[in-house]
Every structure is written in structure tokens, then in C-alpha cells.
């Protein structure tokens, strides 16, 4: 799923080659559905929530003292992005990153605002895989603008908390709002980890039995998925670390501790990913060892059986020869002597093998 | 054991998704047993020890000049944690970390106090595995608050030393008390290392013999356990290092050398863990080599036996054919000639194999 | 392709051993075609474009206030390089690096200019491989000199943008021009990644089936190609990082953000390369596992068939012996009894194998 | 040897769990032999050497201007250590480290002195392994106190040089004396490296031949020994580096160059260890490859022999059947025709195998 | 070759154990040939070249304003080294490093001079391996002293350039001379890389075919050689980096850019070494895979042949039994029926194998 999307993106990106930098090109699937713009303007007393389609309506809230959250669901209409960019003084390169959905998580400081881009993960039950969506945030003095690829319900709980006049989020400013949004996205990572964790455990249990080649393929698939997550989340750690270290004017001293908490969560997710990677590798190793040991057992026992019968078959062959003159054939107890002799040979070999601990 | 607990925790944690940060949610098993609060107030002359259930009783000791140790056994009653938090000015995020028992070891500086969370390890004889419990410490100007998940006896020796009016611990302040508590926990790590070390040695001894697939499973299990310990203890090293480097007001210059000692101990534990990991990997390698060499031996000798008899069996087959006209069959010494010939062929092959050092 | 070229270069380079440093020696193939010099002089109002063969004609534009881009297609005439070097005050060692096409990407600061050398990648359809060409840039106060090994069309889009009087590139100075040139080269890396990515995916698909030794060779070839790319692009990351960190007089504050964007692109390319490397390694592992599992299956079933028939063949051999006195041979139902007995032995063995889950 | 000792130490250490820090507990074997204290007091003119048993006798030399070296052979009498500690103002934690012989090499700065602990290595001919002993040094303004576990001759050459009034060591102060002592210990590392090197070379030579499982065990044992050395010496590098970087009052500027030399030696030893580790790993790989290639050869040739004879044995079986009506049996040259046919089959198969390059 | 030398050196070094530091001990082979001292004194106008045997003759040039290059071919006469050391104020530890030919590349700053030691590599055609020689350089205000183990022609081109009054080297001072000498040595590394590169390519070509165990041995030998080079050259990178970063009085600002060039060359050599290491590892992997795949093919086809004939041989055995009463034997077409039946069995098995894609 993830890879199919990525591939498409690369294709588009390559068709972008040669364009001047700063030109907005949406590289996802072609879409015509309208872009939903939600404006939430609040301070500890007032609260307004509006849904509009024209970005110009957001400009009303620009120079107010209240905090404003502008949420854009859909980035396929680049003119909307451009209008917002001009109004809120977002650098053209940031705008380009917003619509280029193959960005690595990164943070950039502008004159008056900071720009963040990172990935939202959702478990897609239908495809039984992880769906990756890009989220971009612009944090200004008293506004946050968030960009999502699709309409989603991930920020609903943040909205609910905003509506509650007693909640902490209403008392803090826009920097705390950005934290709240990021916290929601990172909280979702834990849900994904849980799903992956279940799959890893399943495969670990299976590793204890002999498995067919399907097992190897499944491990390989899951390992790849884990690697994609690692590459998605790893740079986010650096991004938050930069937020913590940098001297951003737009983030207040008192909010930093919350970002530190985000940092810890990200490290914890990465830790979990590393554990899963180790566990998958070890499951493959254990399975490989077991398959090998089992094959060794099979081959050993079967080879021993063959080896016992081969000399015996030779002996009976000797007495099946048609020579005129073969004294033993005429002996009265010849047959029984030979039978006994063969039993002795077989017994001797079994004893020797046992002594050598070959089975 | 550890993993089962962890899984449960993750489940709960995921159900926490979407809640505002700073909301206390205990993610362990549901419990109703009372929380035990032990207050020890001391300086080099006085010593008081009380056991209470109401956190408010601890506030009496808040503004005294004596050092106070408040030990909380049980973190499942979040209202108690909240009351303490308000009284001792502990940041809401720290409170959240205290009850969220899936934290990585970490240290945070507050306004007037520092906050530490790390793991206590105990060997659970019943489950034949390591039991992990979370310990949180808050160090203020002249108090230490410690939080444990369960009632335990690990800090009994510290209490005993506190009761002794001549002991060093009575002369130093709360920063030394925190060191003493951490020292106890880290001392316990050595006990765990010893138990793990015995298991590793057992498996190393077993590696010298050919083993069944059970050996592979055991190595894999122990390796996982060692990895869990590594992830549990590794961040603690960083935590103590931060304590040493930071300029904490609450830790006095003279106590730093004790923390440096703690740091050395942690490094030593990590060193031991790395050694165990190497030894386990090497035990697996040695065993794998031995199993392979043994199988090679078996296959080689057996294949040689087969190879010697196969041409002989062909020869006796030739003289078992029923052709009317087969001159050799009528010769008087034909049988003996053929027998001798076969002995020569067998001898020649054995000589050739020996010369080629095939066995 | 790449390696053949590299080898030749090394040969030449070795023949250079012992020469005084600063002596210009072109180490590529011997060539006689003329060197094309293109001069573009521009500011936001004026635009001149000329194609000359004599480097002296470029000196006209040296002390003007307008920005000048001098593009040199062909570095095999060292006297041209030397004349330019003297006129534009380029350090002799930089000149040496320009003609020595086996340079690693690097950046050097001169008195009045900075010098960059890095690699341009193109997919060569004929050789089905990546073609590497060296590009050198000298950025002075209001000029950029670019050196390419061959005449190419990669910078055509930059030229087109320069011709457009309204484009951003006309408004910014020579530092932005250098960025535009580097951006073109790095954009091309994405095209290469796409081609390599397709090959990697092909091989990953093939890994799911049993493959011949050709598969191993192809993986090994592609892995090597990826490693060459990695070594080509990795130092470029460091180069751009140095540009960002350094306090270059010739790069203006406002242009830095564009270079930061270049840096992000380079990191993204390196990320993709790492992914490809992982995927190739994992494709090899999966294929190896599958080949092994398949062979195990074959050997197991075949060995079982042999093992069942070997004792049976022994039994029929027994009754093929020619002893005078063999009671069973004379029984009327002897033949049928033996046939039944053999069926029982075969059935018993199959039952035993099934029970042991050997097939 | 080393490991047995280590294990014992850990056992004891665990029994120390719960004791207050700073309590001296000797964790080696229980011993009753007396502790030998050697006092050497010197400057460039005077030289006194005394052997005493009462630590108090050393206090005489404490406030003199001459340099004093107090060497303690035996650390099992903790009261002696404690008296010295009090007299020379050694921190209780340092004293604890002196008697705890399972310390990692480390350096600590006290008020007036610096404290070093590291390992002395000796090759134990009897056990054919490396013997590890702990050495602790305390360097004060004009004294060095050295602690060894056992009476040894390693410092004899230093003593000899001290007795020589013209030697450099008499002219420099106590900081140079400490260097001289450390130099002796590190010089010994080279001797150990030489012994290990011989063993590694032996095993490398053996790797070129096919080896039994004993070879794998020996490699594994030596690898472990090398790893123990690595862990013993690696932290020493950091310790000396700290000495070099720190601004110790007790080490004079002019002596630093000698410590830099020590640092280089340590790096060289570590380099050698890394080489040995690589060589052992590579010896194992080469041997593994050779064992495999040889087995492949054996199996291939033998399988080919079997495969040639199996169809032939089938053919002779056909003409051994007792059917009444088998025309070929009655032909006069039937036997010879069949023999020729079989020769043709065998020849054809050999030709086919040769063509396929199977042998 | 290299290793033999190294081993000898270690032996000698160990015999040095216990000597006071600063004592000069030549650890190479015992030699009696005279030491050749070449003095070149020059500035941009004058040039003197003399060959002497008495080091005292060099002192004449000590306090002149001209630059002086003193080249010592042979370090086995330690008294010469000592005299020079005293005259030019070289620290005793540096003198010790000059004669101890097992040094790692390193740089030390003295009061008035800097000291460098590194390795010269030459390809020894006779031994078909790389010969390592130690070169030491002392750079003072207007002199360079170079020490080589043997008389060599490596610096001849530097001499030739010095004789040319118009060359750049005559205009720059002694710091540029040292650069020129180092440049020659590092240029030689490229020649060595070329030779190694050819060998690596040969082995890579061979890897595409099935190889005997000789191939494994050759790879292992070359890998070791490459590792030795890596360890020889890697620290040189650090040495030159220190030269660049340090604030040496004896190196002028304008010469630094040449040293930066040296640094780039060293990095390029290390890059090449890494590539060779990767290529060798990958050649071994490819070969291992191919050997395995080939063996699989052989075993598979041969096993199939055996498996087809084993049941057939059983059938003919049945009709070779001598039972009195075997109805089939008396049938007129019994023989042909059985022959047909066997053909059907064989055909069926081949069809089944084909369907299962076993061959």
C-alpha cells in the first residue's frame, strides 16, 4: 500500500524535474473534491468554529489577539495553499513541501513562524497494512495552520477539548495547540505499534514450529513494513529535538516540557520498533535453525536405514549368483547361516551407530 | 512474564489515546488494596517513622528543616498521587509518568525539584524470569518522594541505616537519601546479572554437546530476556549522566561523587549484559558448527559405505543373470575369482578414499 | 560502465604520480573536439547570451555589476582552464581538481570565491547502467563558472528560466544561480533512483520464486551499482552541510533556505539508497531461504521413497538366493505371503514417517 | 581462569548487596598472609627504601618535600587500606574500589589527589591463559600509593631505575613516577598480545586444513579471551584520555607528553586486539568454507558413482528375472550384448556429467 | 611479508619491556650498512646538495635563513638519531618513535617543531605483496628532517623539483617541503590501490565461476592485506586533520590548502579500500551462493535418477525370486507386461517430478 503510493509519488516527482523551485505541484492522485477549511478561533473566554471554502475568510482572524486554528483537509488545490502562504507569510519552499507528500519529517524556521511536516499513520483494515498520510503544521505567533491530505477524524478529540471552556488547552496559546495536535498523531503511533506487535507475536509463535516458505515471505513482508515505519518516525525524533533545543520565539518556556514529553513518546515508539525488528530477525533465525535441525534428523535416520540395508542386499546378491560351483549353496543349513550372518551384520552396524551417537 | 505485562500495558495505553495530556490513568491491573504511605523524617539528631493512609498527613513535614522521605507503595489510586502532586508542586506530566508504568527510565527537571523514573528488577523464582517494576523518585530541597507499584522489602536496608543515628545517611541530606535508594535498586541489578549469568553458563556448557532444537529455543528465550534488560538499564546510564552533568540546585557538590559511583555501576551492569549477549551468540554459533560438523561426519561415513557396496552389488547382479550362455558361470573357480575381484574393488576404493582424506 | 571509466582514471592518475602538485593533467579519454564556452550575463533587466571559444572573451564580463554565468562544456583543454583560473583567481589546486575527474564531491573556500565539485548522474539506456560525470562550480561575488565533461542538456531549463525576465532567478544574484544549477543535478538523482527502484522491485518480485544463479549475479551487480551511487552522493550531503554552516561571504542570508532545501533532497536520496540496499539484501535472503526450503522438500520426499524401497529390495533379494535348501521357496503361497509382508513393511514405514511429520 | 575468578567475585559482590556505600569489603579469596608495604622516598639526591608492615610508618614521609612511593602488595586487610585512606585523604568510595577487584578501569579526581584503577595482565603458563590482577594508584602532590592484589615483580625495573641516581625518574616528581608504573603495566600488555598472537597464528594455520570440532571450540575459547582483554583495556584508553584532557594540578605540563605516549601504546594494543578478533573470525570463516567445499566434493563424487551404478544394477536385475519366456536369455551373445550395452550407458552418463562439469 | 616483519618487531619490542622510556632501541633486523645523510639547503636563489655520514655536518645549516632538508636513509644507528635529536631539540619520546618501526601514524607537537610518523607503501613484486616502511618527519621553523628505514628513490622527484630554480617548491618554505614529501608518499598509495584493485577484479571475475577452495584462501589473504592497509592509512587521515585544525606556528596559512588537498587524497584512498573490502566480501558471497546452487542442481538431478530406478530395481527383484509357485513367471507375455509396467512407473514418476518443478 505504502509502497504503491510512494512509487506513484516518485513518478510524479520525476515529471516535476526541471521546474523552478517554489512552484507548487501536488504529486498525489488527481482529485476534484472540494477542500474543507475549518477555522477555530478561541481564547479562554470566547470560542468560534466555522467551516469555509474560501481561504480569504481566514484572514479575518489574522490580527486578533485570540488563538486561531485553521485546519485544511485536502492539499490538491494548490491555489488555496498559495493564498494562505501569501497571507501568512509562509516561505514558498514550505508551501512546496506541504503539497509534496513524499517529504521526510522536517522542521524549518521562518521569519515569524515555524514549519513542521511529518507523517500520520493509520491502520488500514482493508489492505491489512499501514496507511501513511502527510501532516504539515505552521505555527505563528497566535495561529496554527494544519494541512492534511484527506478529511479525517484524528483531531476530533482536540476539537472537543477546545469546545470545553475549562480545559487547559483554552488557557494556553497556539504553541500548546500545536503540541496537542502532534500528541494526537504520536498517540496514534502507539495504536499502530500494537497492531504490528500482534503480528510479530503471531510470527514468533509460528517460528517454534517447522514452517513452509510462506513463513519466510511473511517475515520478510513484516520486516519491510517495520523498516518503513522506522524511516517515517526516526526523523521526527530529530525534529522534536530541534524544537527543544532551538530558541523559537513562538514556543513559550512553559510549553517546552510538553514537547519534551512528545520527544519521550517518540523515543519509546522507536524503541518498540527496534524490539520488533530484533524479534523478527530472531524468529527467522530460530525457524531456520529448527528447519535445519529437523532436516538433519530426517536425513540422518533415513541414511542410516539405507546404510544398514545396502551391505545386506549385497550379501543376498552374492548368493543369487548362478555359478555352477558355489559350495555354500549346497550346504544344508547354508540359508540359515547366511540369514544369521546378515542379522549379525545389521546388529553390529546398529550397535556401532548407537555407540557413535549417530541416532 | 515481562512481555505479557508489557502487552497489557500497551493495550491500556491505546485505550488512553485521545485523552488530554496530564490526565492520570493507571495502566496496570485493576486493584483495590490500600496504598501504604510511609513517612520518615530525620536529621542527624531526630528520627520519626510513621505509616499513614491519608496523603495530607505528609504535608506536616513539608516546610521543616529536617529531611523527609515519603514512600508510596501502590500507584493505583490516582487521587493520592494527585494530592501529593499539588502539595509538592510536581508537574502534571510527571504525575502522569508515575502511574504510566511503561515509561523508559528518564529524568526531568522541575522548578524546585527533579523527577526520576526507572525500573526495579527482581528475579521471580516461580516464573523463572525477571520481574520488572517501576520506581519513581521526586527529589526536592529537603524531601524525597518514592513511588513503587507494590509493597516490597527492597528499601528495608535503607530504613535500617536511617534508624542508626551514627550512619552517614543521617548526616547527609535528601540528595544522599535519593542516592541510597537508587544504589539499592542498582545493587539488585547485580543479583539479576548473577542469575542470568548462571543460565548463560549452563547454555554455554550445553553448546559443547550436540543439542536438540530445545537448545535453540532456550538460547532465543534467554537472548530476548537479556535484550529486555538491556533496554531497561541502558537509558538509566543516560539519566545518571544527566544528573552528573546538569547543574541541579537540589544535589550538593559533595554528593556528586556518589552519583558518579552509581554511574560506574550502571556501566558495569551494561558491560555484563553485552558480555552475556556475546556469549549467547557465540554459544549458538559453536553449537551450530558442531551440529554441522557432526552431520557432515555421519553423512560422509555413511555415503562412503554405500558407495563401496553399490558397485559390488552391481557385480553380483551380473552373475545373477539367467543367460543361457555365460562362460564364467561354468568355470570351476569362477565364484572365487569374482569374490576376490570384488574384494579388490572394495579395497581399491577404500585406499583411494583414504588417500583423498575423505575419512 | 562506471567502473570501467574509474579504472581508466586510476591508471592515468598513477601515471601522474611524482608530478608537482598544481600541474593540470586531464585523466579522461584523449579528445580533440573543441570546448564550448557559453556566457550568460544578466540582471533583472538585461540579458545577454553568447557562445565563444576563446576564454578571454569572458573577461569582459568580469567587473560588471550584472551576474555572469560562464559554462564550460569540456575540460580536456587544460590551457583554457588555466587561463580562466588566472583571470578569476582560482587556486591552482582547484584547477587540478576540475580536470581530475575522479574527485570525491568536495567544497573549498578560496579568498574571493568558493569551489564545489560533485557528480552528475545520467541513466545510459544503451549500457543499461548509470553514467557518472563530474561537475565543478566556482562561485564568485557576481559570477558562477560551471565545468562539465561533455556537452549536455541538463542545464537547459535553467537557461530557459534565465531568459524569462519575470522569473525569480533574474531577481536573485549568482548565489541563487549556483543553487539552481545544483538543484537541477540533484533533481536528476531522483530520476536515477526511479530507474534503480524499478530494477530493485523486479528483483524483489523474482525473489519470491526459485531462481537460478543468474538471480544472484544480478542482485550482486545491482548492489554494487547502488554502493557506487551511495559513495557518489553521500559526500555531497556533507558538502552542502558545510555550505550551510560556513560563513561564506558570497552566499546571501536569504538564499540559505534554498540550500537547506537541497540538503533535504540529498538526505532523501540517501534514504532511498539505503532502502534499496536493505531491499536487495532482503531479496537475497528470502530467495536463499526459498531455494533451501525447496531443496529440503525435494530431498526429503525423494529420500523417503528410496528408504521405503531399500528394505523391500533386500527382501526380494533374499528369495532370489539359490540355496538348495530354502523352505519358504517350496511353500505354495510363499510368494503371496512375501508380497503381503512387503506391503506391510512399506505401509508401516509410511505410517511411521507420517506420524513423525516427515512429509 | 579469568572467568572463574570473575564468577567468584560476582558471588561475593552480590552478598554485599544492601550494605551502605563506602564500606570496605574485599571480594577475592579469603587470605591470611601479611600485607607487604614498601616505602621508597627519593629526590634527585637522596634515596631511602624500607619495607614495613604497619601503615603508620608511612606517615613519616607525608609532609616531606621529597617524592614518596608507597607500594601495598595485598588488599585483603581492609583496616590497612582504611588507615591509609584516612591519612592520605582518599575518598571512601575510592577505598571501596581498591578492594573491589571487579572494577572497570576508571579515574576519579579527589580534592588533592587523583585515583586510578586498572588491570595488570600476566600470562599464566600453568593455566595457559591470561591472569588478571587489579592495580590501583593514588597520585598526590608528592606521593604515589600503589595497590596490588599479590606480591609481584612487575615494578622491579622501576625500583632499579629509582636506585640509579642519574636516571631521569629521580629528577622528575611523583607524576612521572605514576607514568613509569603505568608504562610497566602497559608494556606487559604487549607481551600478552604476543602470546595471544602466537595462538591466533596457530589457529589461522590450522584453518587452512580441514579440522574437527575441536578447532571450533578452540577458536571460540580464544575469541572469548580476546573479548575479555578488549573489555579490560578499552576503558583504560578513556581513562588516559581523561588524564590528558583534564586540568589536574598534580600532573605537570612537562609530564603530559609521556602520558600521551601511554595513550598511543594503549591505542596500539587495542588495534592489535581488533586485528586478532578479525583474524579469528576470518579463520573460522575460511575453515567453514573449506569444510563445506570438501564435503561438497565428497558428496558430489560419491553421488555420481552411485548414480552410474544404479541404472546398471537395474539392467542386470532385469536379466535375473525368472520368466519362462525371455527371448534375450536364449540368444547366444545375449550376455555380451548386455554387457556392452551397460558399458555404453555408463560411458554416456560419465560423458554427460563431464560435459555438465559436475566433476 | 608485512606480517612476518610485524611479528619480528613485536618480538623485539617485547624484549624492550622494562626499559626506561626515551631509550632508543631499533627493533628491525640487525644491520651494519652505513647511514646515508643527504643535506639540501635552498632558497629561491641558492641551492646546495651534499651527502655526508657525520650528522654534525648538518649543524652548519641550522641557523641559516634558507630552508634545509636533511634526509636520513637508515635508522639502525641510534647514536646518529640521538645527536640529531639533541641538536634539533627533538623530544626523546619522538626519537624513540623514529626507531620503533611498529608505530601507528601519529603527530606530536613539540616546543619548536612538529613530529609526524607514518607509513610508506611499496609493492614488492618478488613477494607479490605490499612492503611497509616507516617514514618520520620533523618540521622546524626552516628545516625538515626525514627518516627512512632504507635507501629509496621515492623522494627523487622532489629532489629534481628542488634543483629547478623556477619551481614553486623553491619559493615556498620548509612547510611546503614537508607537504611535498607527504604528497609523494600518498601518491604512492594510489599505485598500491591500483595493484590491489587488479587483484580484487581478478577475484571478482573468478567468483562468477565455481571455484575450488584455493579461491576462498586467496580472498581471505587479500582481505587481510586490505585490512592491514586500512589500519595503516586510517590514522593518517586523523593526523592530517590534526595538522589542519591545530594552530601550528611552523605551518603558514597559505600552505594549509595543500594539506587540505592531502587530506582529500587520504580520504579517497580510504574510500577505495572500503570499496575493495565490500567487493571482496561480495565476491565471496556470490561464489558461496553459486557453489551452493550448483551443488543443489547436481544433487537434485542425481537424486531424481536414483529415485526413479530404485522402485524399478525392486520390481525386477520380485521376479528374480526363486519361489516355486509364481504364476506371473509362467505367463507367455509376463516379461513384456512387466517391462511395460516398469516403463509406466518411470514415466509416471518423471511426470510427477516435472509437475512439481523439481527439475
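Labels for the chains are A, B, C, D and E, by order of writing; each one numbers its residues from 1.
Going forward, a contact is a pair of C-beta atoms (placed from the backbone, for glycine too) under 8 Å apart; a residue touches a chain by one contact, two chains touch by 3 or more.
All values reported here derive from a predicted model rather than from experimental measurement.
Visitor: What chains do chain C and chain D have as common neighbours?
Guide: Correct list: E.
Visitor: Can you give me the shortest step count from chain A to chain D, moving only between touching chains?
Guide: Between chain A and chain D, the shortest chain-hopping route counts 2.
Visitor: Report, in degrees rounded to the nearest 5, the angle of the rotation taking chain B onto chain C when the C-alpha atoms are fitted.
Guide: 145
Visitor: Per the centroid of Cα atoms for each chain, what is the distance between chain D and chain E, given in Å?
Guide: Taking the mean C-alpha position of each chain, the two centres sit 26 Å apart.
Visitor: How many Å are there between the centre of chain A and the centre of chain E, using C-alpha atoms for each centre?
Guide: 42
Visitor: Can you list the chain A residues in contact with two or more other chains?
Guide: 299, 303, 306, 310, 313, 317, 320-322, 326
Visitor: What graph shape do the protein chains here make by touch: line, ring, star, complete or other?
Guide: ring
Visitor: Since the chains close into one ring, what order do they take if you set off from chain C toward chain E?
Guide: In ring order, starting at chain C and going to chain E first, we get C, E, D, B, A.
Visitor: Could you list, by residue number, the parts of chain A that touch chain B in their complex?
Guide: Going by the criterion above, the answer is residues 157, 161, 167-169, 179-180, 183-184, 187-188, 190-191, 193-194, 197, 201, 208, 257-258, 260-261, 264, 267-268, 271, 275, 278-279, 282, 285-286, 289-290, 293-294, 296, 299-300, 303-304, 306-307, 310-311, 313-314, 317-318, 320-326, 357-358.
Visitor: Flag every residue of chain D that touches chain B in the complex, lowest number first.
Guide: 7, 10-11, 13-14, 16-22, 91, 93, 102-104, 106, 108, 210, 212-213, 216-217, 220, 223-224, 227, 231, 284, 288, 291, 295, 298-299, 302-303, 305-306, 309-310, 312-313, 316-317, 319-322, 326, 328-335, 338-339
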